[in-house]
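Before we start, here is the structure in question, set down as structure tokens.
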Amino acid sequence: MPTVYITRKAHFNAAHRLHNPDKDDAWNEATYGKCNHANWHGHNYDLEVTIAGEPHPETGYVMDLGRLKRIIREAIIEPCDHRNLNMDVPFLKGIIPSAENLVVAFWQQLEPHITEARLVSVRLWETERNVAEYRGH
Amino acid sequence: MPTVYITRKAHFNAAHRLHNPDKDDAWNEATYGKCNHANWHGHNYDLEVTIAGEPHPETGYVMDLGRLKRIIREAIIEPCDHRNLNMDVPFLKGIIPSAENLVVAFWQQLEPHITEARLVSVRLWETERNVAEYRGH
Amino acid sequence: MPTVYITRKAHFNAAHRLHNPDKDDAWNEATYGKCNHANWHGHNYDLEVTIAGEPHPETGYVMDLGRLKRIIREAIIEPCDHRNLNMDVPFLKGIIPSAENLVVAFWQQLEPHITEARLVSVRLWETERNVAEYRGH
Amino acid sequence: MPTVYITRKAHFNAAHRLHNPDKDDAWNEATYGKCNHANWHGHNYDLEVTIAGEPHPETGYVMDLGRLKRIIREAIIEPCDHRNLNMDVPFLKGIIPSAENLVVAFWQQLEPHITEARLVSVRLWETERNVAEYRGH
Amino acid sequence: MPTVYITRKAHFNAAHRLHNPDKDDAWNEATYGKCNHANWHGHNYDLEVTIAGEPHPETGYVMDLGRLKRIIREAIIEPCDHRNLNMDVPFLKGIIPSAENLVVAFWQQLEPHITEARLVSVRLWETERNVAEYRGH
Amino acid sequence: MPTVYITRKAHFNAAHRLHNPDKDDAWNEATYGKCNHANWHGHNYDLEVTIAGEPHPETGYVMDLGRLKRIIREAIIEPCDHRNLNMDVPFLKGIIPSAENLVVAFWQQLEPHITEARLVSVRLWETERNVAEYRGH
């Protein structure tokens, strides 16, 4: 049976700031530059979630995409959309919201819910020029 | 010698409907929702075909892209473009035209013609938010 | 007071066919070519609706975009999405669903609902290469 | 002599919040919904500035695009990029940063610097689905 | 009867160089910078041609788009694609190939052929960030 | 520790021509067609560079993206932008500038500079429809 990969895109807008509270201001400014700005900045984040599995012979689906869309919405979009990633999202508490750390945290939120297929990639576009991806290991 | 991956994009417009004729209407409605609508709906499908091989020292080409374009056109675009994927395409007879099933069927159409390189991926964008990919196994 | 133009995008997928039932098959085939194919084809339609007005001093809004989104959804997306534009849409009965005729029909559906601003443009992308626009006159 | 329109795109990331400080929380919540969230949210803003004029016979330019790029950078991008539009931008003080109000404010910043051509449009994409435009009157 | 605007996109790749042969090297270097580089550079040009007219009651078309596509191909794409805009295109002889001058020259090539509708805009994207438009006056 | 993949995009415009100087004109014309045109053509090249590594616990970064941007600029963009890939770029001397050969050459330019992470992919879009990728082996 063939393995097919399905990618679903989603979108959210959020404020964030790169800042390590264990470090002083000079370290943060030197490390993060304008991304450390105290009054926040923000992004239109584009999220791509890829799952893999065998298409079911009766449905032709690897997984019901409506269900995948709801999982992404409940696990990621609702807690993050129009929010402050440093302050408002319970599962990001204590995490510096770099794109790298976000894709790892998003993977951990999504994976327990995707039972009928295998999660293989979480990609996050922070801008049109920067993308981070986590593949689970 | 290095292996280089070449992706060529193509495009077609088609009508389709998700419907399993072995199941009753209630099952189809519950499984496919609005994608089961009796009078069809349609998409602008974007197709990405990736091949791999070593660039030939005399040409710098893994494969002549004009030839790849013609293979894609003859194997996929001409039979599918401005057609009904459930009714009109000989190689899709008996196949529920989900994106998953389409990428597997497209792979089977393309692979015998790509003799000078290795087919490694067939991706199909059904909408801007949904993509299916088959990698041949 | 300045006039500001606000554009909201929406999306739907539909089947259609270009066919004038008052003409014979030869005329239809000669006029529409593959767009006349009997078993339908379809598109991912992108719709852009532009309104104009003065930003309200208390809100900074020309019009509440959530309300505009709902008007577009109820007037256009719900009747057309995952439907057959020739067969299923009451307000398109008797209309050949060319992009030209669609933008005029969509304008007529939208305009009565946009009372707090002025409708100035309805644009419809049938493919990435073809767009039709109606400006109301 | 022909009039030619030149559009230059630019980009910035910023945090903002829709909030009218002269109104109470209930009014703000009812008017702006999630855009009123207290801890800010943010966007990748895409800006399009269009100027018009006659191409100079010696250069073929309506205006040196490098100069236009610098004007946009100094007047808009540097004060707004990676900033909080409610708190950090001097020329936005006292302005609710809706896309409507932003395009009017950006016009006022740009126009005095564009002396060799006529400013005709400032467009701002707040998301891929929402655009505001001001044409100067 | 309503007026509808139809835009058709096309694409070509070409080499060019901004250089005024009536001026010396210092003037050209100061005016055009890296766009003056002696050994050429090039672009993927995206062209948008907009026509306007009333949809014909029998066809729903302002103009047959297949015919518009052929006009654009014969008038612009075939002479310019994979060519050097300074050296190879007869209708550009003696013209500095700035985007401004190109859209005016393209208009003059297209207009005589568009007899069943009114040409209203020729837009040329030189890069994703720069666009020139000519509206015929 | 998780491995995260970071992709950074960059852009340059260049002229080129596919031509093997060891072969005669008939061979070149037969092999490359319009890409062999003597007076050059050109492209807007989009480059995507992907690196992989573990996010640093103190910064949340796999690698400072500002540093990656500078490496790409100095190694690729500055030597290639607004240049002729056959004539002007020292590290491309003797290389037929097909997309395949370019991604291998770009890899060799980039890899020595990326010391804090692992280079995993170099992708080059020659047009919107053609992409070449090299993964280092």
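We call the chains A, B, C, D, E and F, going by the order they appear; numbering starts again at 1 in every chain.
As a working rule, a residue touches a chain if its C-beta (ideal position, glycine included) is under 8 Å from a C-beta of that chain, and two chains touch if they have at least 3 such contacts.
Keep in mind that what you see is a predicted model, and the values were worked out from it rather than measured.
Visitor: Strictly by the touch rule at the top, which chains does chain A share as contacts with chain F?
Guide: Neighbours common to chain A and chain F are B.
Visitor: For the homomeric pair chain C and chain D, should the interface be classed as same or different, according to whether the shared residue numbers exceed half of all numbers used?
Guide: different
Visitor: Please identify which chain has its centre, taken as the mean of its CA atoms, farthest from the centre of chain E.
Guide: A
Visitor: When contacts are scored as defined above, which chain pair ends up with more C-beta pairs, D-E or E-F?
Guide: More contacting C-beta pairs are found at E-F.
Visitor: If I superpose the C-alpha trace of chain B onto chain F, what rotation angle comes out, expressed in steps of 5 degrees from 0 to 180?
Guide: 120
Visitor: Using Cα averages as centroids, what's the distance between chain A and chain B in whole Å?
Guide: About 28 Å separates the centre of chain A from that of chain B.
Visitor: Provide the C-alpha centroid distance between chain C and chain F, rounded to the nearest whole angstrom.
Guide: So the centroids are 42 Å from each other.
Visitor: Would you mind listing the residues of chain F that make contact with two or more other chains?
Guide: Residues 128 of chain F touch two or more partner chains.
Visitor: Who touches whom among the chains?
Guide: Touch list across chains, by label: A-B, A-D, A-F, B-C, B-F, C-D, C-E, D-E, E-F.
Visitor: Can you tell me which positions in chain A touch chain B when the two form their complex?
Guide: Per the touch definition, chain A meets chain B at residues 2-10, 55, 58-62, 64-66.
Visitor: Can you tell me which positions in chain F touch chain B when the two form their complex?
Guide: For this pair, the touching residues of chain F are 18, 20, 22-23, 31-33, 95-101, 103-104, 128-137.
Visitor: Please output the residues of chain A touching chain D within their complex, sorted ascending.
Guide: 11, 13-16, 34-35, 37, 39-44, 81-84, 87-88, 127-128
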